[in-house]
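Two complexes are shown next, each including chain A; its partner changes from chain B in the first to chain C in the second.
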Partner chain A sequence: MTASARSVSSVPTVSSNRSTVWTLDALVQVVLIANTLVMLVPIVIMVFSAFKTNVQIFQSPFSIPDFTNLTNLTKIWTQTNFLRYLGNSFFVTGVSMLLILTLGTMAAYAIARYRFTGSGFILMFFVAGLTLPLKLAIIPLFILMRDLGILNSHAALIVVYVATGLPTTVFIMTGFIRTLPSELEDAARMDGASEALIMWKIMLPLVRPAMVIAGIQNVVPIWNDFFFPLVFIQSDGLKTLPQGLASFMGEYNTDWGVLFSGLTLSVLPIIIIYILLSKQFINGMTSGAVK
Partner chain B sequence: MVDLSLRGIKKRFRTVDVLHGIDLEIKDKELVVFVGPSGCGKSTLLRLVAGLDPITDGEFWMAGTKMNDVAPSRRGIAMVFQSYALYPHMDVYENMTFGARLMGLDNAEVERRIAEAARMLRLDALLKRRPKELSGGQRQRVAIGRALVRKPELLLLDEPLSNLDAALRSEVRLEIAKLHRDIGGTTIYVTHDQVEAMTLADRIVVMNQGRVEQFGSPRELYETPANTFVATFIGSPQMSLLEMERDGDRIGIAGTGSVVPGRLPAADERQVIVGVRPDAVVITPGEDGEGLSARVVYTEYLGDNAFTYVRLANGQLISVRCTPDTEFAIDAPVRVGLLPNKAHFFSSATKQRLPA
Partner chain C sequence: MFTKQLTGRRLWIAALIMPPLVFVCLFIVYPIISAFAYAFFEWSGLARGDFVWFENFHKVLFVEPFASRTVNAFSHNVFVFFALMVFQNGLGFVLAYFLWRELPGFRFHRIAVFLPVVLSTIVVGFLWRLFFHPLFGPVNAGLKALGLGFLTQPWLGQDTTALWSIVFANAWHMVGFPTLVFLAGMQRIPGEVLDAVRMETQSEWVKITKIVWPLVAPSATVVFTLLFVGAFNWFELPYIMVGLEGSPHGSTDVLGLYFYRTAFGNQSGAPPDFGAGSALAVLIFLFIAIVAGTLTIRMRRREIEL
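Take a look at the complex of A and B:
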């Protein structure tokens, strides 16, 4: 949204005629509002449907529901494994993100700062990961996981997510760290800080905006991933949210109301994270950390 | 007590040789200035002393201990960086405590040192500010303060004044000179500004292309430059260098005239380079007479002084210091004479000074 707003409004308004400028502005607004609607409608319908019964959903899909009717939510809470799925998703996403950000930042720091032969190659090696169509490798991956004995466990998911998340993270972080003045680290070194302390006390606060970007970049696809759990996870107790919610869709009948309230609940954490981090996120995109 | 000894220090970056064997003996409590044109290796040498980059070859000794492989923080050195390198996410107080705490000092001692540095550098009102909320001069003082709280035995400053405007520059320069006396440690100061070097230094290291051209007191460098590089680098306006020929007690340029310079070098080379500073030259108006024939190019009036630039008949430009009330018409013919015993002589071949 922000990006499109910026690119549209930066169209040069060459005409000195005020009314043309005004019309153009109005046009931009109309486009933006339309865009907002297009994006919000499905979400709103999802939330509405979360409070409706199957019959209501099909009879009047756009009507405003009775928000005090919490039967779908209670059903989710009491009759499904939703909480279990939610916990699994939190665990898998959390551990993956932690590993991606720690390993990614450390790798990026080394590539950006330490002079050693092959540092350029290692960066290219990481970035090459971006070009791999991972899903094509699903059969070898499956065999690999089986041989490692981690099929049907969260480890299988975490390993894959970390591997897919590292390229972007290393790429973003390396670029960002290179823009930071290396004299800061030299100053800390003179002050007697160890490399670990420099990383922790000097670099980490400075690279936080870039970490937020890398984090958001990765957290959404990992949280929403359906494919890898479908392939690697069989036990119901280990399923993540998208996979678990899919099992709400029965072969013959589906309780759409329950499914939609599950979906609503599952996007909530991401939206909250987005809102909490959006300030940092925008800061990080628009300005460097120093000066 | 820290005296430094640099013995044949070399530095190579991959395939580029940046320092070609630096030998220096720096005494305790000295303020030594490294000066030289941009890219000559001053910062590189300073970083080697600090321990931030490894020494390719040679030895570095401090107070009788070989320091080549000692970590920067264990050398008892503090450094003020050209860009200040203040930690942007910490306020002034935190910037200064960071290093002090890492030294393992107790809280009371840290507080005491910060109070002292803040008073000395007039930072008291700024302690809670972030670097980006400070002016250039204030950042400068914080950077120095951060170095001082560590009570270094050796203080390194890399072009600390280059980001300041002219007025602030001379003010901070005085402050640094005073600080050096107050702390009583050894200080190395890097600059490419020869005025800064002359005014601050006990001794100056003139560097050029990775070599030390001369190491001596400001007076030595000015009065007895070791070679033509030092001769032209120190002093403003520059010393003029003239290719001249000796003939008995006279030196001259074919087609331009000749002068009697007074004391001549002992060596009996005929072809010499004669260096004359603006204050070693006198000009008298007129077409004929004693001296070298020249024409006035222009006069720079500076209030207490004036510099007249004249072009010799062979095309060379010389600057001459005059009294401010002298006025020459442009292109007026003049004769250039030398004050006795003021000329410097250098070998044409080696560009080294020829002793008298």
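Take a look at the complex of A and C:
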């Protein structure tokens, strides 16, 4: 390998090497800065435009606006169902997350801490659900929701989100719970503590870091989901934020200032949380892909 | 006493396992199995009719106008997959390699590149739909401001650029994901290995092709497979940016849009067809499962344990 490596590179001397490294570093910085601009400029323009009138957006799309002009924001606040959509999203996401973390931890705890026949199979069963694109089963799901009488209700969304969130949660939590030492547990068992008490008082406080990872991995796709509400929800008063945004964008399609305000308002909560917790977000959202 | 404790324990395990298992069975396993079964029946609206063997499959694959629509949509999914492979995963690898040098400011760049990933596809879709607007969009305005006025065009309004524009929006949205997965892979390469390479060669190219690329193979397996599944499930972004019909003239039609239109009907009056819709769903599902499975197995072989 060495020989072939030498023939590819031109065996640089020490001084030329130093300058190559310097040029390379400069190139790297330029590319990274350019990329960061491409990532951030659209978001900045979106926020700027939220404070502009149509004329201002069309004539000077990149200028800094008058941030005290809240006409667009008040319009959204008073004339649309925006707050309602936001509330619905909070409710659906909150209930789903509570159920996912509770049920996911229960299953993971049983699989990781007890030896019983079929535990490996049950883990495999959960993990198999990781990669299945449930969108393609939307027709049977639609009919199932109708038969259960929960079509056009938040319950339809919550049960689907819980089912799709469980595989990742069980996977992450099982891996983590397996690494916990068993000494504490055994000592408590010797003292006659019940299994439920051991789980609740001793083990659960230790699994919080894994819960954060599993939580973030699920909360973002659930908060952002558009597909299932599109199929299950018809009443305007029940729509979640992405879905409400879609109908609101159609309604105000000529008032660009209001459109950009709507986009800005709907991403602001998640951007602020992301900036505050960027490390947890990055770890959480890539944890399925990074071992 | 002993047996009693054992049954109590069994009950306790069952109580922990059963509720989550029921959820997954009822809302994932049952619908997916049903999707396969539904494809073999005739449907009129929401009512299931006779068992018709492979008629629905035959319809979507060989009967016009379904057949040419299927082929058209499928070819676009293939294009989207390869385009994103280069502009999302390829760029992600380059960015990861650059971030890995940990030059001043890399923490900031890392946060910036991942920021769009946390946004909803709906917001990203609307944002770029407004940005690509031919008359008032900031993209054309920016090109004019840079003296590149001759490049301005109706990005989403013509066959030649519409699909590319959506691909661009997707890459902007998701490039942070492969970047940070690759970066995590690179950061796990042991220092001794890198020191040894430095002794052997000064060439960055050799370092990338012979050391970094083979050692981040597990990351590559994951992002390639996820991109494949994502590209053949593509729905939200084209739905928001160009609508359910894959306009203009079907030049952005993909399997997700086509499946949804077939199953639930569309504005131009085509009635819902659960039979043909289910057949499409089954075909897409099998295609994804077989290719993603093969891809994963073949790429896993390339991975090296450290």
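Here is the rule we use: the second predicted complex is superposed on the first by the 226 of 291 C-alpha atoms of A that agree within 3 Å, B and C clash if a C-alpha of one lies under 4 Å from a C-alpha of the other, contacts with A are read in each partner's own complex, and residues count from 1 in each chain.
Here, a residue touches a chain if its C-beta (ideal position, glycine included) is under 8 Å from a C-beta of that chain, and two chains touch if they have at least 3 such contacts.
Remember, it's a predicted structure, so these values are computed and weren't measured experimentally.
Visitor: Based on the superposed arrangement, let me know which partner A:206 touches: chain B (first), chain C (second), both, or neither?
Guide: first
Visitor: Quick one: is A:192 in contact with chain B, with chain C, with both, or with neither? Answer first, second, both or neither.
Guide: So A:192 only meets chain B here.
Visitor: Just chain B (first), just chain C (second), both, or neither: which does A:184 touch?
Guide: First partner only.
Visitor: Between chain B (first) and chain C (second), which does A:224 come into contact with in this model arrangement: first, second, both, or neither?
Guide: After superposing on A, A:224 lies in contact with chain C but is clear of chain B.
Visitor: Could you look at A:170 and tell me whether it touches chain B, chain C, both or neither (first, second, both, neither)?
Guide: second
Visitor: Figure out whether A:271 sits in contact with chain B (first) or chain C (second), or with both, or with neither.
Guide: In the superposition, A:271 touches chain C alone.
Visitor: Is A:137 contacted by the first partner chain B, the second partner chain C, both or neither?
Guide: Second partner only, chain C.
Visitor: Which chain, chain B or chain C, is in touch with more residues of chain A?
Guide: Result: the larger residue contact count on chain A belongs to C.
Visitor: Can you pull the chain A residues that chain B and chain C both touch?
Guide: Common to the two interfaces on chain A: residues 289-291.
Visitor: Under the stated contact criterion, what part of chain A meets chain B in this complex?
Guide: Going through chain A, the ones touching chain B are 181, 183-184, 186-193, 197, 201-202, 205-206, 289-291.
Visitor: For the complex, give me every residue of chain B touching chain A.
Guide: 47, 50, 52, 72-74, 77-79, 81-83, 85-89, 98-99, 102-103, 132, 146, 150
Visitor: Which residues of chain A touch chain C in their complex?
Guide: 1-2, 5-6, 8-9, 11-12, 17, 20, 24-25, 28-29, 31-33, 35-36, 38-40, 42-43, 45-46, 57-58, 61-62, 103-104, 106-107, 109-111, 114, 116, 122, 125-126, 129, 131-141, 143-144, 146, 159-160, 162-164, 166-167, 170, 195-196, 220, 223-224, 226-227, 231, 241-243, 245-246, 249, 256, 259-260, 263, 266-267, 270-271, 274-275, 278, 281-282, 285-286, 288-291
Visitor: Would you tell me which residues of chain C are touching chain A in their complex?
Guide: Listed in rising order, the residues are 9-10, 12-13, 16-17, 19-21, 23-24, 26-32, 34-35, 38, 46, 94-95, 98-99, 101, 103, 105-106, 108-123, 126-128, 130-131, 135-136, 138, 141-142, 145, 172, 176-177, 180-181, 184-185, 200-206, 210, 218-219, 222-223, 225-226, 229, 233, 235-236, 240, 256, 259, 263-264, 274, 277-278, 281-282, 284-285, 288, 292.
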